[in-house]
Each structure stands twice: as structure tokens, then as C-alpha cells.
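Each in C-alpha cells, the structures are laid out below.
Each of the next two complexes has chain A plus one other chain: chain B in the first, chain C in the second.
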Partner chain A sequence: MSANKAARIGEEVWKTRIDKVNAELVTLTYGSIVAQLCKDYEGDYIEVNKQLEKMGYNIGLRLIEDFLAKTNMGKCINFKETAETISKIGFKVFLNITPTVTNWTTDGKQFSLTFEENPLADFVELPDDGRAQNELWYSNLLCGVLRGSLEMVQMQVDAHFVSDVLRGNEVTEMRVTLIRTIDDELPPGED
Partner chain B sequence: MSSTRIACIAIIGKNNSPLHLSPFPATSNTLKYHFLTHATLDVFQARLPLKSNGDSDFGLLYSVDEGLAAYGWLTNTGVKIIVVVDVGGGGAGTPAMKDGELKPVFRALQTAYIQLVCNPFYENDEAKPITSKRFIEEVKRIGENWTPGFAL
Partner chain C sequence: MSRQETPFVPFSPNPSLQQGTPTSTAPLKHSLTASSTSNLRYSSSRKSIYDRHLNRSQRSELSKASFAFLFGEMVQYAQKRVSGIQDLEKKLVLNFTVVLIATGVTQFDIPQGWDIVLNLHGYTIGQRLLELLLWRDGRSAKRETRILGILQFITTTLYRSVFNKPADGLEKSRDNEDEYMLIDNDPMVSSYISVPKEMSQLNCAAFVAGIIEAVLDGCLFPSRVTAHSVPTDQYPGKTVFLIKFDESVLEREAVL
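Take a look at the complex of A and B:
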């Protein structure tokens, strides 16, 4: 499946099968979750990152079902196709953005998603306490979503942000690595 | 008048506490502007009962004879935006400004303020002045770049 085809499917599904919700609602809801976590963990941003990732993971486990049902996607033949699907269909239908897929490693197991826009981070200015800028990955929920949803389709991945415009970097970039393909396990107790 | 420029932008909270004040150029003495904006609060108070149509624009609040004119804007949440304009020349205190000329300035400032309060990490605390870099930069940009008839 080519990138163009993925883009077409994404557009089509987003237009016809997705219920839309007000952008500020999403931004402010997510914002208050992150801000509250920062308060609850008393500024332990490393822990906040972990919690966001965990929340995302749990979202991903569920969201993939909805995604597959709405898009009628079959199996991707390789990780490259998976990447295009994530960017042009996954992000498109749920957030109406299409992060760019770049920086492939030669073995085809690692790529970057660069976000030109990020609806979660509108309005946001990180706390000026000298640590948040270096420690907090504000949109870390997204990493968890990818890990959770890909796990449900037999891919164990690692996803983490490497730069964020909120920290003053040029771009927002997420690195996604395929660790292994999970083989379907035999049901226990049967020979 | 070509020398017309913004001399000061001030944001005052609901309970009349100063949230932010930027003089232009930045090196000017802020004390004078603190006095000026403080004095405008009474004008807001006095005109409030007459404002039944919900219009935020309070227009010219008053002018002082150094050629400074204070214009005000009040949001429905009680936040006051005050822009002091240096109309140049000095002497007679009648500013040569058209009605509504500052509307885009107020709108831009209000947008910046909305951006500020929508930041999930911003704590809406009247007692503290605004520290957001982005907000202060934006106010600076507006204050320094505006000239009459200029679109922001």
C-alpha cells in the first residue's frame, strides 16, 4: 500500500465515519490531566511521563479495535506500511493531523514521526521551573497509545519523544522502534 | 499624526490588582504608568452602569496634558486592558485618534490573554503578576509594532 493510498483512506474515513469533537475540549481536558499529574506527583516529571505513557497504553489497547472497525484495515505487510498507516490513517482519523514519517534506519525497524502541529499542546507553555523543559514530555500519552495499539496487532514497539517544540526544539519528533513481532501464542492447556 | 504610538499596555485583574504592565520603550519609568492606569479604574467604575449593551470597548478613558491618552477595554470576566497612547506633540490634550482605532490592539491583547489562561500550567492567581514569557513577548510585539491604521 502506497503512502498516497493511505492518505486517501485516512481522508475518507475521517470525513465519513468519525464523530467530531471540539478541539478546545480535547486540548483543555488533556491539559488539565497533565497539570494535575504534575501536581499529584509534586513535580516529579519523570513519573508524570510514565503515568501518561501508561494511560496512553490503556487507551491504545482499546482504540485499536475502534480503528480496525472503522477503517477496515487488513494486516500490514511490513513495518514501513505500518508507519504510513499510523501517520496517514491513525493520526488522521483520531486527531486530524498527519505527522511525517522520516529518518528510517537501514534495517527498516526504526522511524521518526515529526509533528508539524499537535492539537494536544495548543496554548501550552511548560512551567518555568528549570526542570520541566528538560524532563517533561508533555504529549507522552501518544507514545503509550502507539505501544498499546501495536501490541494488540502483534508488534512490540518502543515509542518515545526525542524533541518537542514546547521545550524550544525546532520540531516535535517521536522515535518508534520495532522490538519484535509477537507470535500468536498457542492457547494454554491444549496439545 | 505620525508620532502617535503606544506608550504603555496594562492588564488589570478582576479585583483591580495589576497583572501586567509594559511601558514602551521598555526603559521608561513605570511608576508614572502605574499611577495613570490606577486612575483609570475609577473611570471604568463610573461608566460601568452606562454600559448595558455588553460592549467591551470603553474608548477614551481620559487624557493628560503631556499628550498621553488612556483607552480601556473590559472583558465580561472583569479583566481590564488599558492602552496608553502617546499622541505626540504634547500641549492640548485632544488626541487625534479615530474612534475604534485601537480595537484591533485590544482584540490582539485579548487573544494573547486567552492563550495565557488556556495554558494548563497557568495558575489564575490575582495576587501574582503574569510571568509567562510568551504573553510578555506578545504584549511587547503589539506595543512596539502598532501605529495608527496598522493591522496586527
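Take a look at the complex of A and C:
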């Protein structure tokens, strides 16, 4: 499947099959969650990153079903196609953005998503405490979503942010690595 | 987990503890006094959030599923957090029981904390929404001074902008002078949430109650807003937001 085709499908599904809500409500809700975590973990941003990733993972486990139901997507033939599908269909139908897929490694197992827009981070400025800009990955939830949803379709990936405009970087970039394809196994505890 | 105030989070104090005064929304209070210069880095090619137009995201939309997923995680987190607190409280209560029985007190409540956490989340969102809404009204923005005016602002302007529909009703309590009821037949936030039977007292629309309370407080109508489920056959999710105004509001209303 070409990138163009993926973009067309994404656009089509977004326009016709998605119930929508006010974007600012989502932005503010996410902000409230992050603020709550920062408060509960008393500014331990490393732990906040972890918690956000965990929440995202929980979301991803369930989100994939919604994704497949709405888009009728079949299996991707390779990781490149997976990347295009994530960017042009996945991000499109859930967040109405299409991050750019770039920086492939030659083995085709690692790529970057660069975000021109990030609705989660609208209205956001990190705390001016000299640490948040070095430690907090504000949108870390998204990494968890990718990890959780891909795990449900037999791909174990690592996803993490390497830069974020909120930290003063020029771009917001997430690095995604395919660790392995999970073979069909019996679920643990059923042997 | 401690609930101690930390200086860096722009977070309001618990509205349930407020003595009828609106809260300050100013974030980063320490940095204002400690140093007037910001140490934040900005990317050179992008403008900071202060340079971006506030109307940019006014009409933009996101998937309802995304909101539902986020909200679901928020509720679960609130649940986990509160059960931790309740465990703690139970322990404390055990210690106090001896004292209480000795002093003749036999009944005491363990507070249900969930809705308070959700209400708080809503509250922080409401504070920000109010600012956005009024700013966008620009010159036509009106300062509401009467109870009816502010309630109409909530049922129409606020509700439309957030939920894309006006609220389904507004009633004045017959029994209590200071109580009003705002009705939502099918709150959007609860649409994907099924509450287990044993927790039937929980209404996730407490989140919306928090938003309403913040807007009322922000407009100097200090009040308490709570969400109550009143299911009907036609509307199983029907919710009544009970708005109880502070005494000072009624006194002012009488003078106006």
C-alpha cells in the first residue's frame, strides 16, 4: 500500500466514520492528567513519564480494536507499511494529524515520526523549574499507545521521544523500533 | 502518595475546601517572585504558545474515542488513587475509633473520594475554558452579575462550545432558595462508561460538575456543584447537576 493510498483512507475514515468532540476539551483533559501526575509524584518527572507510558499502553491495548473496526484494515505486509498506516491512518483518525515518517534505518526496523502538530500539547508550556524541560516527555502517552496497540497485532516495539518542541527542540520526534514479531503463542498460564 | 502542594503545578486547591472565594489561576507563583527572567528554552523556528493565535483551535475537533480513552484512564487513575487514600483513612479511622467510642461518637463517614478527584480535574479545565470563552467573546463579552444570567451562560455558551449542544434543562429548586438544577439527558463524558452496580453512587459527570463549578467561581458566583444520576427509561444516563450557591451570592442578588 502506498503512502498516498494510506492518506486517502485516513482522510475518508476521519470524514465519514468518526464521532467527534471539541479538540480543546481533549487537550485540557490530557493537560489535567499530566498535571495531576506531576503533583502526585511530586515532580519526579521520570516517574511521570513512566506512568504516562503505562496509561498509553492500556489505551493502546483497547484502541487497536476500535481502529480495526473503523478502518477495516488488513495485515500490513512489512514494517514500512505499518509505519505509513500508523501515521496516515492511525494518527489521522484519532488525533487528526499525520506525523511524517522519516529516518529509516537501512534494515527497515527503525523509523521516526516527526510531529508538525500535536493537539495534546496545545496551550502547553512546561514548568520553569529547570528540570521539566530536561526530564519530562509531555506527550509520552503516545509512546505507550503505539506499544500497546502494536503488541496486539503481534509486533513488539519500543517507542520513545527523542526531542520535543516543548523542550526547546526544533522538532518533536518519536523513534519507533521493531524489536520482534510476536509468534502466535499460547497465552501464559495455559500450558 | 502525598497530596502536598508543590509549587510548580498550576493546580487549584480543592474546591470543596474553599470558603467561597475564587481561586487564583496564576501558575508558577514561585518563579514570579524568585526570578523575573524565565529559564525556559524555546525552539528558534517556532513561536512560543503566547504568540500563537488563541482562536486557532477553536473549531477543531478530535475523535470522540480519543477523549473516551483518556477519560477512562483518568477515572481509573482516580479510582486507584482514592482507594489508596481510603485505605489510609481506614487505618486512621481504626486508630481513632477507640477515641471516638470513648467520647461517645459512634457514627462517622469515610468520604467517597472519587467524585472529588474527577470534580477537581473538571475544575482545572473549567478555569481555563472560562478564560478562553471570555477572551473569544472579545468586545461583546458581558459580565454576568445575576444568577439567571450566569446560568444561561453555562447552559448555552459553555455547553455549546464544549459539548456542541445546549444543556437539556435548567430548573430552580422548589425547596431551597439557593439551589438550581441543570439537566443533561445524556452527558457525553459518560457515554462509554458503565459503572459497576456496587459503585452506583459514582457518576462520572462529576467531571462536568467540576467544570461548571470552576466557571461559577471564576465569575464570582461561589458555589458547590454536584452530579446526580436520575435515570429514566428514555434517558438511562440522565444527570442532574445540583448547583448550590454560597450565601453571599443570594445576598448580592437580593440587593441588585
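Just so we're on the same page, the second predicted complex is superposed on the first by the 185 of 191 C-alpha atoms of A that agree within 3 Å, B and C clash if a C-alpha of one lies under 4 Å from a C-alpha of the other, contacts with A are read in each partner's own complex, and residues count from 1 in each chain.
Following the convention adopted for this analysis, a contact is a pair of C-beta atoms (placed from the backbone, for glycine too) under 8 Å apart; a residue touches a chain by one contact, two chains touch by 3 or more.
This is a predicted model, so every value here is computed, not measured.
In the superposed model, A:63 makes contact with chain C only, not with chain B.
Legend: residue contacts after superposition of the two complexes on their common chain; A:182 is shown touching neither chain B nor chain C. Taking chain A as the reference, the larger set of touched residues comes from C, when chain B and chain C are compared.
By the touch criterion defined above, A:24 lies against chain B and chain C together after alignment on the C-alpha atoms of chain A.
In the superposition on chain A, A:41 makes contact with chain C only, not with chain B. In the superposition on chain A, chain A positions 24, 27-28, 30-32, 35, 38, 122-128 are in contact with chain B in one complex as well as with chain C in the other. By the touch rule above, chain A contacts chain C in their complex via residues 18-33, 35-36, 38-43, 55, 58-59, 62-63, 66, 93-96, 119, 122-130, 132-133, 165, 167-171. Taken in their complex, chain B has these residues touching chain A: 115, 118-122, 131-134. Of all residues in chain C, only 1-4, 6, 8-11, 27-28, 31, 38-46, 48-49, 56-58, 60-67, 69-74, 76-77, 81, 121, 124-125, 128-129, 132, 161-164, 188 touch chain A in the complex they form.
Note for the complex: chain A touches chain B at residues 24, 27-28, 30-32, 34-35, 38, 122-128.
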